[in-house]
Every structure is written in structure tokens, then in C-alpha cells.
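In the two assemblies presented below, chain A is common to both, partnered first by chain B and then by chain C.
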Partner chain A sequence: MKKLLITFVCLSYNYLLFAQQYSVSGVVTDENNKPVLGAAVAFLGTNKGTTTNNTGEYTLSTTAGTYTLVAQFLGKKDYSAKITLNSNRRINIKLETAAIEMQEVIKTAEREDSRIKSIAGIEKLTFSELENIPLLMGELDVVNSILLLPGVTNVGEGSSGFNVRGGKIDQNLITLDGSEIFNSSHLLGFFSVFNADVVEDFTLYKGYIPSTYGGRLSSVLDVQTKEGNMQSWSTDLSVGFVSSKFLVQGPVISDKLSVMASGRFAYPTWILRQTEDIDIKTSDARFDDQNIILSYQLGERNRIIGSYYRSFDRFKFSDDFQFEWSNQLIKLEWKSAISDHLFNSLRFNSSEYNNDQLDFDVNYSIANGMDFKSVTDHLVYDGLTNNELKVGFDIKHYDQKPEKRIPRGDSGFTELEIEKDEALLSSIFIDNKWGNNAVNISAGIRYNDYRQLGTNRVLQYEEGQTKSELSIIDTTFIENGPVSQYSNLEPRIGINYFPTPNISIKGSYNRVQQFIHLISNTTSAAPTDLWQVSTTHIKPQEVDSYSFGFSFTGTQKRWQNSFDIFYRDIHNIYDYKDFASLLLNGNLETEIVSGQGRAYGFELMFEKKKGNWQGWIGYTWSKSELKMDNPFPQETINQGEWYASNFDQRHNLSIVMNRDAGKNFYFSFNLIFNTGRPFTGVESSYVINNANVPLFSERNKYRIPHYTRVDVGCGFKSIFKKLDDRLNFSIYNLFSRDNAFSIYYRKPNSTAIIPFSYQLTVLGDSFPAFNYQVSFGK
Partner chain B sequence: MMKRLIYILPVLIISCEEQFDFGLQTNSDMEYVITGEINQSNGPYNILIQQTKKGSKVPVAVNGACIKLIDSQNNIEEFRANGAGNYEVQGELIQGTPGMSYHVEIVLPDGTEIVSEPERLPTSTIPDFSIEWEQGLITTTTGLGIDVETPVVYGSLKIDNINTEEETFVLWEIEEVYQFLQLIQFIQFTPPPPCYITRPIGSTEIRLFSSEDFDGNSIEENQFFMREIDDSFLRKRIFTITQLSITESNFRHLENIKTLNENTGSIFDSPPGRVIGNLRSTNSDAVVHGYFQAVNSSVFRFAIYPDEIPNLSSLVRTHGCSDGRPEPPCWDCSLLANSTFTRPSFFDEVD
Partner chain C sequence: MKLTKMKLRQFTYSLFALALLFAGCEDEFFLIEDKTEPQIVITGNVRQAPGKAVVNVNQTSTTGGIPVPVRGACVMLFDNEGNSEELEDEGDGLYLSSGTIVPGVPGNAYHIEVQLVTGNTYRSVPDTMPSYKMEDELSWRQDLETSTSDLGIDIQTETLFTEITSSIPSTDEELFIQWVADEVYQFLPTDFPDPFGSIPPPCYVTQPVGAQTIELFTTISFQGNVYNDPTLFSRPVDDSFLTKHIFSVYQLSMSEQSYTYMNDIKVLTENQGSLFDQPPGLALGNIIPDDPNESAQGFFQALLTDTTRFAVFPDQVRNEFRDPCEYNASRPFGDYPQQCLQCLTVPNSSYTRPSYWLTTN
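Right, the complex of A and B next:
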């Protein structure tokens, strides 16, 4: 720890070496005065270059002289201007949209060595890079896209969430403009809550996680939305098989205030109506979501952005059951350039998640949810050559909504309300990025102070007994102060060393604590799962993550290749007890067991960035294991030995290729292979009270069959000459492979007692889709 | 609720399910399965001991065990072997009495010692129940989307004046007994005697009730059980409904079994687990499954005669013996499960 601190302090103060230089700073905008994030700015012919930050600001420092200042960004024309530097100067740069033919050149130039230069385990993507991959149900989707990257998997079609490097799905921090999202899926996971039209870019941190982020062990998926056009109005429409969407944006006050509004509506119910089965015919599946984003330019150095997002899902099966869930997110952000080198972002976020499950058989519904609010401030100083220092704080408030049983009609059940917990997580962080031609170093420290608030009672369990309703011996009431409190210090460091310009050797280390847990006893995330903050008895999870690897490219930079090894050591990870009862349970600690986890493996990535054929081959070998070795048999799983987690998949292979076959046509295909995930199989059975009792194996002893899938897609641009339009076709699961979602035991008929297992395939046939997109006013 | 979710998935896309052989690597041999019961009757009381066996999905009988039944006053009575893993105690010294506790101590031939947790025979039973039956039709949809109507007999359950102040846990078991007449073979000169088939109704369903969270005072369930009408209804049939008042521990155990039986493999299913009852080994790590239960039972029987079902001959579905190529059990009913030529004692008494 001391060594890390010393390293960090040294890096933060390296400016002493460069104090006598002059600087050029400014903001890079597009033709609509919208800041351009991540644009490359450099002095031509020197090694002085940088990229713009979240407000489009850049700063370069060098000695006095005459230079050619250049700026580049994907889809924009190059900027170039000669400047004489004999004092500090401010130069704002406006980048114009490039012609179609130029885009490929710039895209290649900008991205051709991104994998070499990035810190280990950071994947930054934009939809413009992904727009040609085959679509599922006609939609380009954030989560479905990252599933094609090495180290990212899920448990099969129709499952929510994703698993990163052997982590559980709740170990991913998913944010939309900084607002935490507690259920990122639409339609049971076939879509995500992110509307591709509104997303500017998204970054997945699966290795090095900057200290600006915290609270989840495995990864951060940071999704940023666009800001509206300040110059002209435009409209985008998209019509598909299952969903349609629109986007309108433009200036309310030219160059001052822009608005962007979008909506997406899914209507698979019409497919349900086509079936003969009356149960299915009377079922209902739908979702919708909307975004509104306002952006106000306050003078040259300030911008205020407000955004609102809401979504609603309904999933009803006949008169049997119905799930409804909704998200509502609000963001208010003030970005300001205090000086040429000092930038501040103050942000308020609110996120509300509601979940309601109605069981028509028993005629009551169960409602729960989460209220989240946060205030975040990031202060960035980049006045030092090749250095960016970021300090800030987060204050997050998690408030679990009471869990309610709401009877309907004469159900015979009483109304019930289970009080839940709330918590305040306060964090401060300092993060520094420094680099030159030989090395890039990102390092930081995050300090967390966690306090459980709300219900002021703490149950006392009898010592020497497993936690259960029967072992409760007393209740302690906390009069003042938090019910429980945890604090920790999280060092993070990522190093990139370049022995040659085309080779980088990388390493990273993170320590992260997680104070909020998704308590689940299902294979995949389900609407029945519950978010639970840490309590006296449910301690925070903690991980130490190590990553090491190297990247290399050739002189032509046609391919970028990388190799990463990772190891994760997790403490206080939770698994469910057999037959855990989670709903309407005020003492969830009685239903779960805690233990250790570990995940390790390696990833290979071969990415082709140039030429007509582009894409990547990603491969992961990994293990994800748990160990629940506790003093009580009820809290021990598989005799306390290591066992495979639900999402342990030994091999993952993804091949993603697309070919630009001319000005207006593309073709693409994906090949996905995953080792089957573990399951618990039935090995024998007996009869008691006239009922068959299956005898199951140890947990996760067997594996479902391997998963293989091939998708193809093609698209045509400019279908109608005067329109900016595009028609996409895709076939998901081209060869109609019956990939297993699960293997399960089914009760035998009334006379047989020999148990059989069955394979469930969710998507056992190919699924064709089309999608037509058109834009006006661009 | 959850179990039907599976049916929605084919709609959203295209799903299917098929039997799957995952290459059983069972190491579950040496896992014992013990089931037994004591009730408030005069006896006898039975225990069945089995053991799972490598490579077999059905447990095999364990013979040669020494079993003692012990009550809360430390009276002891020994079980005697009754064939194929069955053991019986006559109840000469110990009889099930509500409020008393009972457990068993077992020594298996391999030296494994097993005891059960003491079970207190419940004192409380919910009031007597009544069953009424009626004839009806159920509609099922085939995989091709064709609706098929099947004639059935429904049984309805009704219980009034339930006292919810006292926690009550109930299990219902339903059985049917009917006569089966073998076909006369060519070489036979006299018709064979009728044999009697005993079958559980809806053995895959576990019918449980708990007064927890129940704020009504009566239970009325119209389709408590259902039996398809076939040609076995052409003779007298008796339904036996047994209401068992059970302990809370037994109720939780049965709830877990019910959970396993309702899984459909969907994402909402509770993952499977190992159901552990109230038996454990005291001198080894052997895993013991099953339950020795103390129950307070009451029985209700009713008969259905062929003339009580209108147009029976036009409704019946054959079970094979009336067709042109009858199955072997039509000639020898001992090939049918749970068949006997011994007439059950109640068969003539019940109307």
C-alpha cells in the first residue's frame, strides 16, 4: 500500500519537470457547437498530443515555436492550423462532418492503435463501430454488443444482465449518464434499457477500474447519451419487426439551448395473438422507454445538461401471472471550464426502480423496488504536461422500497408490508493519468464510508447456531447513529509500458468493495430478485483484481492483438441456501450463505481494424468458483469444497466480421461458442407421501451442452435516393441450433418414479428480423 | 405461477424442450432413503429403507436393519422385517398419541447408525372435511394448437370453521381403488377373480395447507382432484382422501419437495436442492434422505358406481383391454402396479 501511495504522489507532482512550457487549450466542438469528446488534438510532427475530455476541452503544452495544430475525430474532417506559440493561448476548434468516404480513413486513423494505448481491460465502443453487426430482433443493443467481447458472457438467450470475467451480474455497475440502473433489461433480457439512437458511446471497464467508479466488483458499464443538436432540427425514425423508435433533436435557442427527445416501443404482443393456444393468445408482452435531454450553453465555459429517462415493462401470461417493472432516471449536470486547465462537473442523479409481480392464482401482488440518489463532483486539472489529475466525491443514497403484499379481491390473504433498509455511501477519490511515449500510468485511491440507515433493529442470533427464524434470541434497537458501518480504502493502478510503439505490456490492480447485493435464487436475473444493501449480517463483498497482459500490432496496423491474464479473489460473496425463500422476508441473512469466490483465466483478442473485412476474434479461457465452508451444515455447500459458479464457462469464442461490399451495402456474421454452464442434475428419486422426491447431485456438478450460434446480417444504405436511410436484414441463429438454456428435472407421471431430465431451448430456431431506419434534416 | 412461464417463451421466439441424458456420473450410492410414519391408529406402523445405487435411478431395498421405535416416555418397541426393505411394528407397546413425541433409531447392516429427530404427533386437526364429486370436461390444447375435451370426475373439498389462531399444517393424500377384470384366456374354464388396483391420484401434486398467513375461516376448492373417465369406471370405484395433520418441520420438508416438482427449467425457477428430512447418521458422514413422520390422520371415502355417470359407455376411454390387441396385463393383472386379488376390507362397506 505504501509503495502505491508513493507512486501515486510522485505521478501527481511530475509537473515540476515541465513547469516552463507554454500551453494551448480550448474546446473542440462540432458544427452544432456540441463538444466533441475524445477527439485527438496534437502538434503535427511532434510527440505532443492529447484527447478532449468530457466537456470537449483539450490542453497541450510545449516550448515556444511555430507548430501545426491538428485535430481529428471519427466522422469529422481533419482540422489543421499553423500557430505561433510564445504565450499561453486558447484556441477553440470546430470540426465539420466528413463525407462518407472520409469516415473510414479517419476512423482507422483514430482507432488503429487504441488497443495498444488503452489500459488493460478497458473497452470503449460507439455504435458507429457496431452498426454492421447482425441484430437481434432488429435492434442494435449495448448489452448484446458487449457480449461479443472476450470475458463477457451471459447464461443464455432470454436472460437479463451479463457476467464479466466470472463475476455475478450484480457485480457490474451499470450507469446511464451516471444514474445507476438496477434492472437493465427489457423483455426478459432480449433488449436492454439503452436506446441506441440516444447513446453517444459506452465504456466497459472489466480490468482496470478508475477510482472515479466504485461499488461493484467486476466491471463498470458507463453509458453516455448524446447532447442535442444546437444548430438544426433533425429526426430519426426506425421501424422493426418487434419494436420501433423515433428521435427528434434541435435547437430551442440557437447555439444556446438544445432538446433531444426519443421514444421506443416494443409490440411483440401481436405475435402472441397469432398462436392457437388460448393462454398465449391472451398473454401480453410489451415495453416502452423515453428519453428527454436538454442542454444549455451558459457562456463559453459552462454547460448545463438535464436528462430524464423512463421505461416500463409488462409481461403477462394468460390469467396466470404478470410482471411489471419500471425505471425512472433523472440527471442534472453542470459542466464548467473554470480555467484553461481546470474543469468541474457537478452532477445530481436520481434513479427509481419499481417491480411488481402479480400472481392471479393466489390473487395478490408483491411490490418492491429501490430509490437511488447521488451527488457527484469531479474536478479535473490537466495543466501539467501529459497529465490529468481528477479529484472528487460521490454521495449515494440507496433506499430499498418496502416490500408489499397487496391482496386483490377475496384472495384470503392479508396486506403485508416488510420494512427494508436504506444506506448512505460517501466516497472521495483521487485519480491521476500520466503518460509519455514509453509509459502510461493511471493510478488512484478511493475511500468509502458506508452507513446502514433506516430500520433500526438488529437481530441477534444464537451463537453456535445457523441463522434462521428459530435461532433469533434478541433484537437490539439502535437509538442514534447508523445501524451498521463499514469503511475501506481502495487502491487502483494501471500501467502500460511501450517497449516499441507497436507493443504494450500492461498490468493493473484494483481493490473494490460492493455494498449492495442482488439476492437471487434463480439461475439468471429475474424480476423476483431483490436488491439488498449491506447490513450487520450481510457484509460488503470485496475483491482484489489482478490483470496482466500485452498488446501488439504490426507496422501496417491492420490487426491489433492482445493477451490478458486475470485473477480475482473475492471475499463475502453470497450464494443461496437450498430452497431459499426470498420474497416477503425481512431477514434475508437467514436464506443466504457467505463464502469466498475466485475467478481466473486469460483472454485473447485479434482485432482487424483496416480493410474491407473488419472485426475481431475473441477467446476466453476462465474458471469461476465459489467456496461456502461454514461451521454449520445448513451454510455449507458441497462439503465446503470449491464448486463452479452458475456462470462458469471454460471456453468462450466469438468471431465478429463485417465486410463493406461497396458504397451502400455491407455483410456481416458472428460465430459464438461457449462451454455449457454448470447445473445440478437429478441422480435418483424416491417416494414419500405418494409424492416423487428427486435426489439431486452436489450443486453445479454437471454441465449443459455447449452453446454455438451463427448470425448473419446485411444492409443497404440509401434505399431512396433523397433520403438518408438504411435497411437491415439479419438472421439470428442461422443454423437453428437447439442451444440449451437449462437442464431441469420434470416430475414423472403418476405411475413412473424414474426421473428424467429435460433440456430447455429458448431459441431453437433461426430468427429473422428487419429494420428500416431513416433520418431527416441531418 | 412460475411453472407456466415456460409456455410464454415459445411465443416470444421459438423454444423447445426435449429429454436429455447428461451422462449420469452418480456418486450418490450409499445415500440412504428412509420413509416411515406413526399415526394415532392402533398400528401397525411401517418404515421403508432403501439405498440409492450407482448407475440406477431407482433406490434398492435395504434388508437386515435393526429399528427401534421410541416414544417420549422412553418406551421402546422393535420393528420386524416385512420384506423388500419394509419393516413393521405392531403397536403393542407404543401407539400414536397426540401430543407425544416419537423417533426411531436404526442400525443398518453396514453398521451405520441413524436417528430421527423426535416428532410430536400433532394434537390439532382442522375440522372434518367434506368431498363432493361431479362430472365435467377439461379442455387441453395439443402442441398443434388443437383443443381436446376429456371427460373427467372432479372432487371438491370443503372445510368450514377453521380456527386460524392455532397454527395448523395439513397434507392431503388421495387414492383410488377399482376392480379390474382380467380377460378370459382360451385355456381357462372359469373366469379369474377380480383384482383390485390401488393408485394415487395426482401423485405428482402435493396438496398442502398452512394456517400461516390465512385469514379466512373456510376452504373451498372446486377442483381439489380430478380423474379422467376411462373404462375402469364401468365398475365400482372408491376414492380415499386422507387428511394428515403434520408438524411444521414436516410441512417445510414437503414444501421443498413440492418446489422441486414444480420446476420447469425457466429462468424463474428456484434452482434444485437436496431435500434433507429429519434423519441423520450419528456415526458416519452418510447422507440420509426421507422422513419419519408423526401424523394425525382422518380418512374420508366415497364410491362412484357406473350408473351414477350418465352416458358412461359413450364417454369412456379404453385403457387397452377392450381394443383388438390387448396388452399383457389384460390377461394377468399382477403385471399392473399396485394390484392384488385381495379385496380391500372397505371395498364393500363404502357406498
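Right, the complex of A and C next:
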């Protein structure tokens, strides 16, 4: 027995000796000492590999021996080094920017199976992947880019926001470095607030939404900005037809403190001046935005990033009216690697949105807006094999600015202020990612505690009556505590199963609650829309989202193909009552109705990753419907039956292709087709008390004509040999198709009795654009 | 909420401006798919005695045109005291009560039943006649009104504005008021010389004023005892002011439900119909078809009414007028407008002189 024990101990010792695991950890940075997120790090010839986390850290474990450690990342040169592993080691890796040819190789390697590996409904894009695509006014734009993806639509040119899988525009959480954005449009929707020069990458979560995000039902658009160069100064300039921009970056303290500053200015007013129409000639349209980003490296394991963003928009029409809106965002973030496997990110965000509408006739303006502040902490642990655990909290404070009527000059109106609400949303979450060669599982849970603060009065409406100004019977004043309170638990799970390396079968489920709503009585987002936090009478929206699909690629991986089915079941979704009036209304619950929503459909994506021709074909078949079936006729729409939502579009097709025609020249085109969206039509008329009354159809009974558009683009990646420059030329809407933006009704003249229907086309002609970009100092 | 609508409309203008900027356009649009089904529209009211109850029965046109009158319907009027009366078919979809069998009494509730020759039956939800109304005082002034033409040119027009000052009675009841107005003026045909010296009889033209502008007021949330609107109605000054005009302003005191309905109608009629206007919809009336699968429009109202009148004489208006029918010996007979030869060709004209024509000054 003793011999047996000795033998067992010896064998165990030998086993332990041979099986002794050593780890290699470190941080992967670029030449500016900026952490590289998502870089692949592996021991060559083994199945030991990982990717860097959001602080650039990686950790690999294996037995003692000699290995070749390699690291790769899109656009960077490969790193490769032989190491002998007989103890735990820390190896920091610096990846240098690759030459063009190398970039292409790595880009292909990185992306060739990204659709296979990703959880259902996650699209991560960088502008370098999109730079050849012809886009409106030649401007690379985050929102215009994602509109080319399956499942993402909008209501046409000139509309703010976007709709994801049949969702409303306020159901998209749009963040810039974590700060929520309440109006993402410039120039009434032709541009977005994101300056492509400072955007590192952006991720659209339209299916699976990790539990680190919350508060919007449909999607998350998470836009991350770059950080300044830590070693050398450089300048980028871009001159365009309608807008120009600049970017300056460099080290304030070499390898310690960098700064990046950029500005963008749009000046379409000079085009307005060319018209004959005096009203348009005296109009004004402009916007500008600026970013400043400071990044400070505090030792090897800490980094502090501060950023500031502001934007301003003005649209003045003759001496009639003027819209102005602005955004101001501040971020302060401390990223730290507490140990080789434990990382923390503590972030403070502030966002301020102001909206002002001035009417020169009555000489007063109406102002409203939103103040947002949040504190977020993410703690990441990746010490377990093939596992990443993330826990954290979000505390968000929404403060609706009072809605004010502000008289100007000799206006006969008095000042008026409608008090608005504020709310505190506290969330904790846990999110875990685990995977091996056969399956990836992302699962998490998020708990929300929502408290409405601010105005401490709750209106009581007469029971058995629809909510209206006339049915208010009493007001309850809340002495202590929140005015209203909601809490919920949100499970999230996404599973990706790989029966073979080239096939994945995916499924996901999310439950999400939305506590803030954009109250609108228009089809497209307008500056008159109002953000409203949940109250006693406006309950949070809730969705259960299901997604199932599969992706496959061939052995050559020339194409990546995916098929996704989705279904969304929404509770407490809001639509406006007939005749809703929103401005200067302190009781918005009287103007809206709540009900159910559902959206379902499937998406097909055929993406070509290799070869001279690259691009994708995306197709979506979907339905987005609402049901407002309430006890009162005033709160019932279309007899309580399901009806198409404003952004229900049955078929969406996008073909995006670009071809490299030699080293320097490229050609590209887009083809977009969308089924016309619904509208409410005038069917007839009748007379009452001598007034002719148009008789409208049931809501959204008809559809505007289908939308079809072809764009082409071409360009040179270099014009002058000594400069790092680029020239792009594009024609948007090549065939000058009159795509309908909307159908509206207007009396053709002052004596007409019945209104006529008209089709409004915002971009009815082809729109050529050029853009010249040049960089100095790179 | 005037600004709201103005703002929303202006936002549409901004889109038009952008459309022009970006080579956009607007074209008339026709619904290709005809999904329209005709609907019955029943409107009408009963007023306090001695007023008669009036009911109009029409059917909407599937082509978007004016409604078609429905004749031969059986229209019954009921009150909450058990009285009932069948209304007389006056033709053109118009049905009138005697005014005596079911008299309009403040505080009583009234409803109608309409049975078409097809057998389809419609009933109105009872509407209660209010017990209170306001006391109106009217005045008028002449001023220039500026409007902007489609080409963007400012046009100034001499206009008569009617100002109303209305006293609110002391009562706990909330009042829901609508004002409607009409005008009557004489139209004098050309007095051609004849051997007998006969003068052709004048026509009296009665027409609504500001029919597409629905003037509403409620005492809910209103602080004060007197309501004033300096521009209740406006009427451009034209050659018709060559003769005396009598303006009648009818105050209609109605139920809350009726007021809500008229408020919806106001939005529908004053809506410019743009994408960013206050959204259109179906005004929920009180006409219920027996067939649950059918839709019907309209409202049968019980109204407490009051009428105030004033006259405007030609010498009170600062314009200079030209009589289009003035006799001129050198003018060929064929050059006179048809209306000057036969004044009944003027729309809404009649030889019948209103009873208040002589007494209103």
C-alpha cells in the first residue's frame, strides 16, 4: 500500500511537472501606446489563442516549452516572437500600422469569418471598410452607413434617425463614448452628428444586446472615438461641396498625454443664395461640431480619457421661422488593469440637448431639451479559460428641461414655462462570455430600478373616461419618495453553435425595458418631438426579442452568408391619439395611447469578402405592427385591430459592391429598394356646420410608392505622390428617381374645399459630390 | 395651440426648402388602390324652442367628391321625456321637425334614429342640451390683412374684423361654445330704363362667413368672467359692400362630447395636411350603426343658441366701390354679367327678405 502511495505521488509529481501551466500576459498597443481592442494573440501551431479586452490586455496559459507568440489586428503588421515559457511572463506587444498590401491580408484574415463567429444580430463596422461606398454628399456617415445593412431602414432622405427591425427611432440607444444622444441628426437628417474622422469604430446591436446595455428596445448603436497620437503630430483636412473638416492630433507629453481636436462645418447656405426664390435666398442652414479628446497614460496599467463634444444646428426659413438644436457631451473615463486578469473601467458621462423653435410672426420661441448624466463602472475578469465575466452598474439621471415659451421684443405673449419630469435609472448587470471551438455562449442579466423624480404631482383622471384635459378630477401631491417607481429583471442570452468550422447556428433572447420615450405625432422625427420619461401614466415599454439564424461560408471563405429570423413582442408601446397636440402640453399622457407591438421577419445577407469585387447583398422581409385596443374609442385605433406602424416596410433590398481597379482606383455602387411605408389617406369628405371635412382612412391604410435608388462612386486613393491624400467622387440617386418621402394633403388654393394629396420628394434628382482629403505628418 | 400648428406647418416648409435645395419636388398623388367604401354621414341638431330640429343624411362619395344626399329615410327624433316625432323629408337629404312635438328644452337629452330605405339603421347617442349660454356683444372694425401668395408676395386686403366680447354666467357648469356666422346682403340687378319705370326686385344673398374656421371656446381652465376675441371672424371687403350687410353670429352652447367632436373637426378643416401638421384622424361622432361592421360619421347635437346681429352700411366702409350692374346707356346689353340680368344666379340668393333685414342697424 505504501509503495502504491509512493508510486502515485511520484506519478502525480511527474504529471504536475509536465502539466505545469504558465501564463503569458500583457497589453497590446499600437505605435501611439493606445490599447488595441480585439487583437488576436496566440501561440502559433497550437490551439491556444485569445483576443485582447477593452484595455488591450491579453492572457494565455499553456505548459512549459518554447513557442512562437503571434498577434494580429486589422490594419496592423503581424507581431511574432519566439519565447521560452518556464515561468509566468508579462510581454507587452506593440503593433505597427501595416502597409496597404499587408492591411488587406490582415483585413481579410480578421473579417473572413466574422459573420460566422459573431452572435446573432451584431454588426461591427469601421469606416475603413466603408470608405469606398458612395454616400450622400460624399460624406462618410455612421447612420447613412448602417442604413445599408439588412433590418435597418429610415423613412427617406431628410429624416432623422433610423428604424431597426421595425422599431421606432427612439427605441435605438445611440451613444458616443457612452454618452446618450437625443438627436443624432444634422441638417434635418442629411448628416449624423458623428464626424467620421474621429470615429474609431461603431457597433450596431440589433439582435442580441449584451446586458451591459439597457434602456432601449430595438438596438444599440455604440460609437467609439479614437484617441490622439502619442508620438507625433499630424493633421487631416477634408474639403467638400457642402461641408469641410479638419483634425489635429499629437502628443502633448510624448507617450503620456495626447490630444485630438477636430471640427466640422457645413455651409449649404451658399447654395440657398443661388436660388431665385426670395424666401429660400434669405434662408439659412448650417451646422458645426467639434471634438476634443485627451488621453493620459498613467503608468503601465492606467489610462485616463477625457472627451468633449459639441454640435450646433440652425435652420432658418426666410423671416418666418427658425429651428436650432444643439448637443453637448462630456466623458471622463478611467481604465485600469488591476491585475493580469482583472480590469476596470469607471466612466462619467454628461449629455445636454437643447431645442429651440422660433416663430418670427408671433415673435416668440419654444425651448425644450434634456440633461443627462451617468456614472458607469465595468469590471472585467478573464482569468478563467475561454471565459470573460463582466459585472457593473449604470446610474443614469434624466432631467427634462422645462418647456418654455420665450417672448422676444414686442411680442404680445407672456413667458410660459411647463415644468417637466426627471428620473433616476439605476442598473446592475452581470454578463458572461464563454466559448470553445464548438459553441459560444453570451449570457447576462440586468436589473433596473427606475424612479421618477421632479414634479411631485400626479393627475387623477375620472374612472371610466379617456384621459383628457376634461377628465382630470384631482391632483395628488407626493410628499416623500419617488413620484412613480418601476423595476424589472432583464435576462439576455445569445448562443452560437458551430457544427463545423464553416457553419454556425445562432439564437438569442433579450428582454429590455425602455423608460424614456420620444413623443411624436409625426411619421418622421421632427424638432417638435419631445422626450418624456416614464411617469405614473406613461409606463415603461418592454420587449421580448427572439432571434434565430445560421451563417455559413465555404472553404475558401470568399462569401459569408447568413440567415436570421426575428420576432419582437412589445408591451406598452405608444402611438399618438388622433388630433394629438404636444407642444406646451404638461399632460402628454392625454395625447397618446398605449398598446401592443410586434415585429417579425427574416434577413438574408450574402457578403463577399475576397476578390476584386467586394460587398454584400442584404434582403429583409419584415412586418411591424401595432395594436391599440383600449376600452375607450378615443384610445382605440383602427377598431383595436393590428395595423402597420409608420415604418413598416415589407421588403428591403440593398446591394453594395465595390471593385478595386488597380492599386489606386476604385469603383463602387449601391442599389437600394424599400417597399413604400404606410400613410393615412383622405378618402372622401362631408359637410358639418357649413364646414367641409375631409374623411381620412383608417390609420396607415395606404402606402407611399416604393423607394428605389442607385448610387455610384469612384475615386483615387492617392493624387499627389508626396501627399497622403484621397479624392472621392460619387453620384447619389444616379437615375434621378423621384422617391416619395411622404404623401401629404393640402388645399391647392385658398378657395378649394377638399384637400388634394401630394407626393413630396426630398431628393428628386441625382446628387453629385466630391471630396478631397489630405493628411500631413502621418 | 396656434403656434403648434404654425410651427409644424413651417417645418414642412423647411422640408420643401430642403427639397428645393436638393432638387426635390412635389407632385400630385393619386391613390391607385381604391379601398374606399362609402359611409353614411348624419349631422343635425335640435335647438331650444321654437327652433326646429334639422337632420342631414348623406353618403360619402367613393371618388372623393362631395357627399350624395340620401333621400327617403325615416328619421325619428326622441327626447328623454318620452316624446318622439318623425321628421319631414324636405329633399336633398334634409329632414326637418315641426318644432312643437319634441320641443328643445334646456337640460333635456335628445337622440335620433335614422332608417334608410335599404333597411340600415343608425342611432345617435343622446346629447343633452346645456342650460347656460354666454352673453355676446359684437363690434367690428376695418383693417388691412396681410397674406402671402403662393409666389411669396405679401398681399394686403381691406378686411372687416368682427370682435366679440362675451360674458360668462355665474354657474358651476362648464360651458362649451361654438360661434358660427353668416351674412346677408342685397344684390341689386341692373335697373334698365323701361316705359313703366319698374325696378327689378333685389335678391338677398345669404352665405356663411369663415365656415372653414371653427371658433370654439370652453370655460375649462379659463380665468375670468369675460371672453374677448378681437378677430372672431374676418370678411374681405369687396363690391358686395355696395349695399347694406347684416352679419349674424350664432352662439351654440353644446355638450362636452359635442365640443370634443367639433374640436376634432376644427383640426381636420384647418389642417394644411402636411406631414408635420397635427395628425389627422377620424372624428368620433355619436352616430352608431346597428351593423357593427359598418362605420358612420356625424353628430346629432342638442344646442342652446343665441343670435347677435349687426349691420354694416356702405358709407361706414372706407373703400370705393364699383357697381358691376350699374346701367350705362352706351354699354351693350350682352356686356352685363348674367347676375345683373337675373340676380337669382348669384349663389345662395333668394327674393325672400330676411325677417330681421329692416330691424337690424
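We adopt the following convention: the second predicted complex is superposed on the first by the 743 of 778 C-alpha atoms of A that agree within 3 Å, B and C clash if a C-alpha of one lies under 4 Å from a C-alpha of the other, contacts with A are read in each partner's own complex, and residues count from 1 in each chain.
Note that in this section contacts are C-beta pairs under 8 Å (C-beta built on N, C-alpha and C of every residue); 3 or more make two chains touch, one makes a residue touch a chain.
What you see is a predicted model; the values in this text were computed from it and never measured.
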{"item": "Superposed partners chain B and chain C on chain A - clash or fit", "value": "clash"}
{"item": "First, second, both or neither for A:E469, with chain B first and chain C second", "value": "second"}
{"item": "Partner chain(s) touched by A:R314 [first = chain B, second = chain C, both, neither]", "value": "neither"}
{"item": "Which superposed partner A:I366 touches (first chain B, second chain C, both, neither)", "value": "second"}
{"item": "Partner chain in contact with A:T414 - chain B first, chain C second, else both or neither", "value": "first"}
{"item": "First (chain B), second (chain C), both or neither touched by A:L583", "value": "second"}
{"item": "Partner chain in contact with A:L188 - chain B first, chain C second, else both or neither", "value": "both"}
{"item": "Footprint overlap on chain A, comparing chain B with chain C", "value": "157-158, 187-188, 190, 268, 271-272, 275, 277-280, 283, 285, 315, 317-318, 320-321, 359, 361-362, 521-524, 526-528, 576-580, 680-697, 699, 701-702, 738, 740-747, 749, 753-765, 767"}
{"item": "Residues on chain C engaged by chain A in the complex (per definition of touch)", "value": "1-4, 6-8, 10-31, 33, 35-36, 38-39, 41, 43, 56, 58, 60-62, 64-67, 150, 152, 178, 180, 208, 211-212, 214, 220-221, 256, 260, 262-265, 267-269, 271-284, 297-299"}
{"item": "Contacting residues of chain A [partner chain C, same complex]", "value": "157-158, 187-188, 190, 268, 271-272, 275, 277-280, 283, 285, 315, 317-318, 320-321, 323, 357, 359, 361-362, 364, 366, 468-470, 521-524, 526-528, 576-584, 633-634, 680-699, 701-702, 736, 738, 740-747, 749, 753-765, 767"}
{"item": "Chain B - residues contacting chain A, complex", "value": "1-2, 4-26, 28, 31, 33, 35, 50, 52-53, 56-59, 141, 144-147, 171, 173, 175, 199-206, 213-216, 244, 254-275, 289-291, 293, 337"}
{"item": "Chain B partner contacts - residues on chain A that touch it in the complex", "value": "157-159, 187-188, 190, 268, 271-272, 275-280, 283, 285, 315, 317-318, 320-321, 359-362, 412-414, 416, 521-528, 576-580, 646, 680-697, 699, 701-704, 738, 740-751, 753-765, 767"}
